[in-house]
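First comes the structure, then the notes that go with it.
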Amino acid sequence: MLASQILIDGFAISALYGLGAVGFTLIFGVSGVLNLAHGGVMLVAALIGWFVASEYGTGPFLGAALGILAGLGMAYLTYFIVVRPIQRSRVIPAAEQEIFILTGTLLWGIMIQVGMDYLFTDNPVTMRPMFPGVVNLLGVRTPRNELMIAVICWVVIGLLWLLVNRTRAGKQLAAASINPRGLTLLGFELSNIYLLVWSIYGVLAGLAGVLLASFLGVSSGNAGQLTASAFSIVVLGGLGSVSGSLVAAYVVGYLETVTAYLIAPTLRPIPALLLLVLVMYVRPQGLFGRR
Amino acid sequence: MSHPISVRGALLCATRLSAAVGLAAAVGLTAAQAAEPIKIGVISEEAAVAGASIRHAAEMAADEINAKGGVNGSKIEIVAYDDHSSAADAVRAFQRAVNQDHVKAVIVSYISEVVLAVEPWAARLHMPTITPGAASNDISKRVHDDYAQYKYMFHGWLTSAFIAQSICDGAHDNLVGKLHMKTAVVMSEDAAWTTPLDVRYLQCLPQAGLQVLDHIRFNPDTTDFTPIFNQIEAKKPDVIITGISHVGVQPTVQWHDQQVPIPMAGQSSQATTSTFWKDTNGATEGVITASAASPGVALSPTTIPFTEAYTKKFGASPSYDGYTSYDEVHYIADAIQRAGSTDADKLVDALEKTDYVGTVGRVQFYAKTDEFTHAMKYGKGFVTGVEIQWQNGKQVCIWPADKCEAKLIFPSFVKLPQQTAAQ
Amino acid sequence: MLSNTPILEVEHLNKRFGGLIAVKDISFNIRGGEILGLIGPNGSGKSTVMKLVMGIEKPNAGSVRLHGKELAGWPTHRIAREGIGIVFQHSRPLHRQTVLENIKLALLPDSLLRLVADHSVDGTARAIAERVGLGDVLNRRPSTLPFAGLRRLELAKAVARDPKVVLVDEPFAGLTGPEVAMFSDLIDGFRKDGRAVLLVDHNVKSVAALVDRVLAMYLGEHIAEGTADEVMRDETVRRVYLGGKIETHARPELSARQGEPALDVRGINVFYGKAQALDQVSIHVHEGEFVSVVGLNGAGKTTLFNAVSGLVPFDGDIHWGGASLRGRTPASIARGGIVQCPESRELFGDMSVRENLDLGGQHLPSAAARATQLKWLLELFPILAERHAQPARTLSGGEQQMLAIARALMMQPKLLILDEPTLGLAPVILEQLSKALTRLRETTPITVLLGEQNVTFALPHADRVYVLEHARIVWEGDPARFAAEMGTGYL
Amino acid sequence: MKRLIQGPGLWIALLIVVVGASGPWWLSAYILGVLTSAYYFAVFAMSWDLLFGFAGEVNFGPTFLIGLGAYGAAILNSTMGYPIPICLVFGVAVALVGGLLLAVPALRLRGPYFGLITLVSVLLLRNAIVIFAGVTGGEIGMTVPDVLSIDANVNYWYALAFMVVCAIILFGLSRSAVGLILQASGQDAIEAAALGFNVTKHKLAAFCVSAAFSGLAGGMLVFYLGTASVDTVIDLSIAVQIIIAAVLGGRRTILGPALGAIVLLLADEALRPLGQLNTFVVSGVALAVILFFPDGLLGYLLHGKEE
C-alpha cells in the first residue's frame, strides 16, 4: 500500500520535474545558456493559464493552451531582451558572457516574479483539474488528473525525442549542440536554430507550468524554487544531456517522495540537495554529462 | 464582477497612489494646519489578501472617525507601509514610521515572525504598537515577562492558545456533539504561531472529546500535500484539525482533488476570506475554519454594517484581520480621546483600560498580572471568534451556537462517523 | 659564455591524452647560454612538451631535471620557483593595472603576508622595463599598448623571475619584420645572460638565425636534431614539410582564362586584436581552377580562408561571382557555393558518418539529388561506406579528414576550400587523399582552393600557386616554377 | 600605495567620510535608518567582490557566509548571553569554517557548477535553520537580547565606522601585493602559476577573508536589527540584492560595490510609493546597467578615465 503510494506519487511528480528540466537542458546543450529565469517562464504560463481559465471561465483546456502560449512568449522575451543582447554585446568580454547571462537572467527572473506578484498577488493559485475525479490504482485512490499529467508529460517527451531524432530540424539541433561552428560551415544559420530551440523551450516550460498549476498549484513565490530544482536536476543529470535530466528528475522525484513518506514531510527537499552536493564533489560533470 | 483580480489590481494601485499622495499632502500640511492630524502607521504586505485587508479596514475606520470630526479636533491619518512580509522590511518601516513620519501608534502585520521582530523596537522606541492578526503567544508573553520594557505592545487578536481553545470548544459542540467524532489528527504548518497553538490543541482536543492520533507539522513552503494526507488517512481519524495560515489554497485543493474522505476543521486563515472559494475553484466546500467574525453574523451591532461597507468598497469581504484592524483604529482613537494626549505612556495606560465593543465582540486586554498580558480577553461576553463552514460558495457560521445555528454539510467524498457506523 | 653542464635535462618524456599519444619518448637537454629550437607542424606535440616541462600538464613517464633536480610531476608554481620561466604566446595582462604594476607582479614573493612589496622591486621593475623597451610606457594601461608592446610585457614578466630556463612559445607570431629583429635581440639577450632557452615554433626558418640547435618533432615523435642547416637538409623533415619529390600537372589554360574570376580577394587586412594576420592579401580563383596557397603554419592561410567564409571580420573586399561577400553571414556564404573544409574538420563527433553526410546534403533540392550525391561520394571515399554507421569521433584521423571533405562535397559546392587536409596524417593516408583529389579534379568541374604547408601534396593538384609568408603573399605563379624559385629556403 | 596617497582619491574619500559622519545633524532620522542598514550591505557587497571580482569565483550564495556569521553570533548571544564582541568573534569563526567548506569545491569545479553549489549551500543552510528551530527559532527567526544601541544616531555611526574600516582593509588588500597576485590568479590561473604563485593558497585566503568580513557584517546587522531571521540574512533574495549592488557599482573595484549597495537601498526606499513594483524597477535598472555598462557605475567612471 505505502509502496504503491510512493510509486505512483513519485512517478507523477518526477514526470513533471522531467518536463520542466528537459527544456532547460536543451537550451544549454544547443546554445550554452543557463536560463535562471526558467521558474519565471513557468510561472507566467501557470498564472495566465489559471487566470484565463478561472476569470473568463473558459475551462481548463483553453486556459492551458493560452498559458502555454504565454510561456512561449515569455521565452522569446527572455531570448530577445536578455540573452541575445548579451551574446551580441561588444562591451561584454567573451570570457565573461557566461556569468553575465547568469546574472542577467537572474535579474530578469526577479522582474517576472515581482511583476506577476503585482498583477496576481502572491497567493497560490490552482487550475481546476482538467480530468476531475479519482481512480483506484494499485489500491491507491489517485486523482485522474495526476495520472493524465504523468501521461501528458511522457507523450510530450516522446514527441520531443521524435523531433530530435527523426526530423531534419532535430538533426540540426543535435549537430548544433555538438559543434555549432561545423553547422555554420554547412550553411545553417545558428540564429534560426537558436530561435527554434527557444521556441521548443517555451512550449515545454509553458506546458510544465500549466500542468504544475493544475496538479499542485503555484504562487509567484515559487519562481526561485522552480528554477533551483530544474537547475539541480539538470546538473545532476549532466548539463546538456536530455536523457540524463530525465533520469535525474526521477532520482530527485522519488528521493523526495520517499523522504516525505518514510522520514518526514518537512525534510522532503534535503536528501536531494545533499545528493547533488555529493555528485558535484565526486563527478562534477553530472551522472550522464560529457566533459 | 467578471474579473475581480484585475479590479483588485486596479484598486491596490489606486489606493497605493492615494497613500503616496496622502503622505506628500501630510508632509505639506503639517506646517500650515493648526491641529496636526494624528498619524497611525499600518505595516502589512500589500500583495497578500490578509495584508491588504488590514490597511483597507484601517483606512475605512479612519474615514469614519474623521467624518465625525476626528479625535480632539484633529483628524486621524493612516500612513501605510508595505513590508513584503519580511521582518527586515517591517523593522525598517517601523523605524521610518516612528522617526520620520512621527506616528502615534502602529498597527503591524498578521504574521507572528514579523510582529516578533518589530516588538523589541516598539519597546526600544516607546511606541504603542498593536497587531491585528498575529497569534503567537510569545508576543504577550514578552510583555508579561518584562512589562516595563514591553508594555507598549498590544495583542489585538486572540493568542494561539485561545484560538486553539475556541476551536476545541467549537469541536466539542459540533464535531463531537453532533457528529459523534472520536479521533483527530492535528496538521499544522511549521511557524511561530502554530507552536503554542499545537501545544494547546494537544491539551484541549482530548478534553473536548477528540483523541489525537497523530500530530504532523510541515514546512510552509510545501507544495505537494499528497504524502501528508496519505499519512493522515492511514491513521483513520474522524477529522483533521488544521493550523494553517501561510498555506491554504494548495492543501485545500489537493484535499478535494484527492477526495480525502476526512473532513477538515480548525484554523485555515486563508479560508476566512470570501475570495477563497474562487481561489480554490470551490474545492473549499465543506472546510471548517475559525475566524474573527463572519459575514452576516452579528457578533456586535457593528459587524454586519462594516462587512457590507467593506465588501461594497473592495469587492470582497474582509479577512479576519480586517475586522480586528478596523476595531483597533477605533479603540486607539478612543484611547487617545480618554488620555487626552498622544503621549506614548499615557496612551498605553488608556489602551489598557480599553473596553470597546467592536466588530469581533467586546474587546478588553488582560492585565500585567495575567500570563497573557495585553492580549485580547477570550471567552463568553468577550471575544470568542466564530467558526464558519464553506457551503456551496458561502461562508456559513456554525459556531458559537448562541450566534448562529447552521447545519454542517460536507462534500460527498467525505465519510462521517455515523455513516461508516451505518454501513 | 657557453657552459658545458646542461641546465635542463629532459629524458624519455611521454604523454597520452586518452587514446592519443601526444608526446612519445622525447629527450633533449639545454646548456646555459644555449638556445634550442623545438619545431614541428601543428599537432606535432611540441607545445605539449613545453607544457610538460612547465608542469601545466603532468607527464605519464619520463623525467625533467633542472641542475640535476627532478621536477617531473611538480605543480607549476613550484617549477616556476625552481627557475623555469615561460613566455606565453597569448598575453593576458591585468587590465586595470599599469605596465609597471604588471611587471612588479612578476617580482612579488608568493606570500600572503607581504602586503607591501619592498622598495627594491620598483627599481628592478623599471630596469626590466627599460631592457625590453617599455621604459616610456610604464604608467599606461596594457590595453593601450600595441601588440608588440604586449609581447614585450610578457618577456618582461619572464625576465623578472630571473629564470635559469626560459620557454618561449612562438616568439614571432604576429610580429612585423623590424619587431622580429628586435625580439631576436631580446631573446639573444637571454643567451648572453647564460640562461637556457627553448624556442617553440612551427618551422626552422623563423628561428634559424637564433638557435644553436634544433629538435624537430612530428606526430609526437623526435624526427631530427642538429644545427638549423642540418635539420633543414634532413630528409624526414623535408618530407614532413615539403613531402618528397615535387611533381606538377598544371592546367594553364584554366588560369589563363580571361574575364571576371569566380573568387576575387582584393587587398584584405585582418587583425586579431592588435596582431596583424593578413596584410594586403589579394588572390583570385577562376572557375574550374585548382589553386594552392602554400605557406607554413601561422603564415595566415587559415585566416585568409576564414575571411572568405565570412568567419572573421576584414577590411578590403572579397567578390564572389561578381558580387561582394561583405555583410553576408558565414552560413549564407556557404549556401552560396563557397564551402570550407577546415583544418579543424569540425565534424559532429557523436553522430554517425551517415548523419554527418546527411546534414551536408540537407540543402539539396530533392531526395533524389541527395541520394546520387551520396552514392558518388561513397565511390570517391569507399572507406566511408564501410564506416557509415560508426560515430565520427571513432574514425581514424585520415578517415575523419575524408569524411570532412565528403561532408563538404555533399553540399555540391561551386568552390571548395580545403585547409591543411594533410594535417597530422601519416604518409600512407596522404596517398589515398591525394588520389581522391586527383579523381575529383579529373571527373568534376569543381573549383578548389587548397591551403597547405606540405608542398608535395599541394603542387600536383595545383593549376596555380600562391605563397603566403608572414601575412603577405610573397610569390604567385605556375607550380612548375615553384621548385626552381621557392623550393629552397621554403623551410 | 604611494600613488594612492598622492592622488586626489584619498582626500575625496576622506571628505565623503566626514560628510557621512555628520549625517545625524542634517539627515532625517529615517534616512539615517536606511543608510545604517545600507552600510552593512555595503560590506556584504565588498566582501563578495573580493571573492568574485578578484578571485573570480562565481558565488551566488553570499548569504551562506553572512547567515553563518549572523546566526553564529545570534545563537551564542541568546543562549549563553555572552557580550556582543565575543559573539561577533564566534560568528566570524563559524563563517570561516563555512568559507573553507565552500573553497574545497570551488577549487575543483568550473564556473556554473560552483555557482550552483553556492546556491545549494544557501538552501541547505535555510533548511538546517528550520529543522533546528529549537536553537535557531526556525521560520520565526530569533530575537537577540542585546543590541548595539537603541539610539538611531549611535547605530548609524557604528555602521559607518564599521563600513569605513572594512573598506580601508579590503580596498588596501585589493591594491596590495597580495591583491595583485589574487587578481592574476582569478584571471588566468595557469599564467599565475607559471609566475610562481600558489594559486590554491591565494584563493583559499580570499575565501577566508571574504567569509570573515561577510560573517562579521552579518553579526553586526543582527545586533543592529535586534533579530536574526532567515529572510533578513539568508534568503536568496538578499543574496541577489548583494549581487545586483556589486554589479551595479562595478565589479573588481571593491569601493564600487559599496557605492552600489548604498545607492540600491536608497533607491529601494525612494521607490517605496510604488509598492511591490519598486523591486521590479530596481532589477530592471540593474539589468540595463549590466547590458550597457558591464563595468558598473564606478567601473564605468574609472574605465572612462583610462581611455
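Every chain is named by a letter (A, B, C and D) in the order it is written, and numbering of its residues begins at 1.
By our rule, a contact is a pair of C-beta atoms (placed from the backbone, for glycine too) under 8 Å apart; a residue touches a chain by one contact, two chains touch by 3 or more.
All figures in this text were calculated on a predicted structure; none of them were measured in a lab.
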| item | value |
| --- | --- |
| Where chain B and chain D are represented by their mean Cα positions, the distance between them in whole Å | 37 |
| Length of the line joining the C-alpha centres of chain A and chain C, rounded to whole Å | 43 |
| Centre distance in Å when chain C and chain D are each reduced to the mean of their C-alpha atoms | 46 |
| Sequence positions of chain C contacting 2 or more other chains | none |
| Overlap residues in chain D, where contacts from two or more other chains coincide | 130, 275-276 |
| Overlap residues in chain A, where contacts from two or more other chains coincide | 117-118, 266 |
| Category of the chain touch graph - line, ring, star, complete, other | other |
| Contact pairs between chains, per stated definition | A-B, A-C, A-D, B-D, C-D |
| Interface residues, chain C side, partner chain A - complex | 309, 311, 329-332, 334-335, 339-342, 346-351, 355, 358-360, 362-363, 407-408, 411 |
| Complex contact set, residues of chain D against chain A | 58, 60, 104-105, 108-113, 115-117, 119-121, 123-124, 127, 130-131, 236-237, 240, 243-244, 247, 275-277, 279-280, 283-284, 286-287, 290-294 |
| Sites on chain D touched by chain C in the complex | 1, 172-173, 176-178, 180-181, 183-184, 187-188, 190-199, 201-202, 205, 252, 302, 306-307 |
| In the complex with chain A, residue positions of chain B that touch it | 2-6, 8-9, 47-49, 190, 216-219, 221-224, 226-228, 230-231, 234, 247-250, 253-254, 257-259, 270, 278-281, 283 |
| Chain B partner contacts - residues on chain D that touch it in the complex | 28-34, 37, 130, 133, 138-141, 143, 147, 150, 152, 225-227, 229, 231-232, 269, 272-276 |
